[in-house]
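In what follows, structures are represented as structure tokens.
Each of the two complexes below includes subunit A, the first together with subunit B, the second together with subunit C.
Up next is the complex of A and B:
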């Protein structure tokens, strides 16, 4: 007669746990792992939280549809606090725990720090939150990509729009004194002169700037038609715009991707009305008929999702598509194969996440559209067609 | 003439933002003066104050004139709890340990704010009118002018309190010699508590003013670093030093930003710190302590 003693029960439980563990390990071994140094705390946390949600949702969709060649996608990530040393530590930890061929990095600093290691390893491709122009160089950074236009291309998109609307317009560039902020200054000058636009003042603000009275005084002297901000999320843009309006300046204010989330402008109210900027993706609430991906996202998440979500979603989509193309050809998942596969992406339909089919000739997706904030609607509304820029 | 007017406008803007630095520096000074603790979490208390204001005014829909004192009281309460719960049990420990506790406290406060209000940057409900002010022909942002007036009033009040009020004198006595203050019947732990409470209340108030100008985010506490420069230059235990140091730094930053470019502001600020430390390590108005062996 089989009697259940405490020892037997313990042994039985240990056995079950071992079998279940082995099973899980087996399942995980087959997974295609996307590693992630993601900023869930710190100054960039608002983006990191949204990026993680976007990546997870796309991964869930792929896995529910059977994965890639029968293998599931899995996101292995840790918080970096938006600190380069922490991001590197997370990278080292994750790459030693799993076999990783796809990676999401959180900053320009991290991408540049890890680039030599990435080139040496040759085993993976890396996207991330940085749209640094410097990373958009396939010669120097053969394993990097970005799910949108680089910062120089973003300004170029804005300038193409300005040249169309107001030929010969006067422009002031306002950039934060950070690596992120200073990125497109050189290329902006070149693009402006190519399009016959005049840069009448360049203002650099310290990263911790709160009061911008002095900078607004410079703006009043320059009297530009357009003021382009780059290197900011929100502050000190609202104060800049409020004071400029107080002084009766009629300049139009513009920004780049990371300051284009509409929810951050909702609390600003009236002064935000008319703020424009470049956006590579559709907004959560864009309801065009040709955008099944947007409908799917709204179905999965009934509440508003920030722009970082779309960026994370598209990053995961491009990674998955590259992996799929490599595996379909019976090749190994290596950095070279994945990047080559990514560069074969041509006229690719994102399901309306971006309004036109996209191609990735180099390291970026050089497409964007100009949107304008309506304080009454509390929404960003498109004011241009999709604009593609090429070097 | 136009250039002179421009210089005047730039200088006024500098004095305005300098006043905010002075106010924040006052929080450092009050706490240091009484307890000899450099509270590195002042920046985060400032951030907490602005979020409390946001919660009362935007979240609960209270009038801003009610939300403002509540935010200041919230900051003060936090200061009192921290002093009683964390700092006082560490009396007698090495100063570096207490200093590290305040560093940790800063991180905890950031984490708490991110948990409760999330990580998005936000704007405070407007409570200062937007119409510009012209002093003669010179333009001044109204928010900056209000910040300047509030800071000036608070600083003046504290200077008077320290000179004439019994509590202020008790704090000065504690700062000079704790044992002697005890023997004179001064409630030294009470003074510690009061300094933390009032200091953190001031930081919270400065946070509301700062938030009204530049918006709020969990990372806005870095403003405290500039204020720390002010107190090191002005003297860690000198209210006058905080006032003059803040105004001077605001002015210098504004001139540097205008005539050299924004990228030079940090260089000028911290260059000034190094020079000040070399010339007067105890600050322009700080107490020159002589240690006898």
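Up next is the complex of A and C:
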């Protein structure tokens, strides 16, 4: 009779582990590996899941088309819970397991923590979910890039739009009391005075503020034409907007990239109508003719994909393009070569993911477009052309 | 009382390691710690270093909460004070690493004593709330005292140097973190062989009786806060050298809860408990990664699907330990030791 003794169970488990280990080690040797510290749990999981999907889809497409110089792309990623120490752990784990030249990081904190190590290793370039202005410094962070405008550039895009629409407009800045939230405040002041806009009030709230009535009163006193939020995902924006509507304020509310996913506004409903913000990519449902990439995405994924998906998709695209350019030149995949190759990207066609050809002169892609939410259609609709900002 | 270990002197009675097997195991353990960095890759070295930093901070909290009975949810904030001290000294003054670490402990201890003042009046949950309040105040200071703390974006710490060697790899940092942590743990273990440590235990067991016995409560409670914060400060200083950037978000309230959970899971009021708890809390989520990895050949998209499960399993493990091992994991070790007391004559 075969009875389960402790020894047998242990033996079985060891056997299973062994087989599993072999299975895991099947991956191809000459794959080009993109490493990823991606938040699949925790507060940022909604974005992480979308980012992962976007990166995987682009990688699948590249591999189906024969890979890069005959080598397949592969995404090796693990969950970080959006915690810096775990992100670093994942980074160390993945770089010990594979030879990695391209990496996706999940937060500003992680990017800043790993930056000295990145500079020391010099073997890879890193993109990620952070658009922190601090990282957009090719001197300090030669191996970083971001697949969009940095937070300062996002606000600059919004202000360019405002200056066009309402010259001399009054603006209130509402920022969360976090590194993320405080990031663009100073550059916003400079940009506003450059464009002749007036910042009449700056409000800092806790990141999870629930009761915002005193802040709304400040808004009422300031009577701004535009209110720009930064450093939040959703809350407390709907609360602000509802209360402002009740008070009959005429101000227009704006946000930055991470607040711009239209599915999060769908659940807010009517008060969300008219919310505007900057978005570097096209939306999933954007069916303009010159966007074969968008058509391809809709073909691969029949259901709506969040903005994080587009961000992941473009990140993977830029990484792959840089690797392709390096390999085409017969060079080695090093951080310096990859970044130099990335900086040669000029008037690059993303297939309509971004509506105009893009260039990457430094660490960022300083392009975006202002969209406005329509509660009736449950969609974000473009209200401006593509705006490029350069320092 | 273990058979065959009759103690003839007070010295023997108060010894840290009382039996030969204990000494042998400790020697093996120490030897393993010395060999370890030569055998591990960057990932494991990183985890070992991180675990050691947490061991230091958890041991400090164990002195305060486990031994003195003062519940604190401010340990991470004291770590932050230490980390900022190191970052500031390293950036602005460029003083030597060991001086910075000592200063980190000192400054954190001073802040800790200040925060500990209410502990004479409030106990238990009330004290926990008071310490939470302190961590919010400290957070405010970190964000707004821009010339010193660098505001919201924090301070990037230059690498530590030791006699001209830049400590940039985990391998090199290991040789700083290990001795510092070992010294702190040794100090904690020794503390409870002295009048001070025993006074802490008396305060924990019944503070009024302790006062009747002639233990000035305020002084000892503040001393406990000071020592715990010193530990947190030094660990925070190591943390700053390890992660090389300190921001106000580096040490959230959750990190304090993490440390409290570590000593509860490990076993409050035992030195071993603090060590095991910190190691468990640091490594268990990482070990669960390998479970995800093992099943990934069979489950499509395992990373995305199973990662949330990893958090759930980790939570369940903590609850499991609390239910089935309320004295902490250290109690398992104690039970194993009891089992081998008469081995091999009786098992």
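Here is the rule we use: the second predicted complex is superposed on the first by the 364 of 391 C-alpha atoms of A that agree within 3 Å, B and C clash if a C-alpha of one lies under 4 Å from a C-alpha of the other, contacts with A are read in each partner's own complex, and residues count from 1 in each chain.
Definition applied: contacts are C-beta pairs under 8 Å (C-beta built on N, C-alpha and C of every residue); 3 or more make two chains touch, one makes a residue touch a chain.
Quick caveat, the model's predicted, so the values are computed rather than measured.
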item	value
Which superposed partner A:340 touches (first subunit B, second subunit C, both, neither)	neither
Which of subunit B and subunit C A:177 touches, first, second, both or neither	both
Partner chain(s) touched by A:89 [first = subunit B, second = subunit C, both, neither]	second
Partner chain(s) touched by A:45 [first = subunit B, second = subunit C, both, neither]	both
Which superposed partner A:233 touches (first subunit B, second subunit C, both, neither)	first
Partner chain in contact with A:243 - subunit B first, subunit C second, else both or neither	first
Which of subunit B and subunit C A:356 touches, first, second, both or neither	neither
Subunit B/subunit C common contact set on subunit A	41, 45, 49, 177
Subunit A-facing residues of subunit C, complex	41-43, 45-47, 50, 143, 151-154, 156, 159, 168, 170, 243-245, 247-250, 285-286, 289, 292-298, 303-304, 307-308, 310-311
List of subunit B residues in touch with subunit A within their complex	6, 9-10, 12-14, 16-17, 20, 58, 110-111, 114, 118-123, 126, 130-132, 139-144, 210, 213-215, 217-220, 222-223, 225-226, 253-254, 257-258, 261-263, 265-266
Subunit A residues touching subunit C - in the complex, by the definition given at the top	16-17, 20-21, 23-24, 26, 40-41, 45, 49, 52-53, 77-79, 81, 84-86, 88-89, 92-93, 95-97, 109, 112-113, 115-117, 120, 134, 177-179, 181-183
Residues of subunit A touching subunit B in the complex	41-43, 45-46, 48-49, 177, 203-206, 208-211, 213-218, 220-221, 233-236, 238-239, 242-243, 245-247, 263-264, 267-269, 306
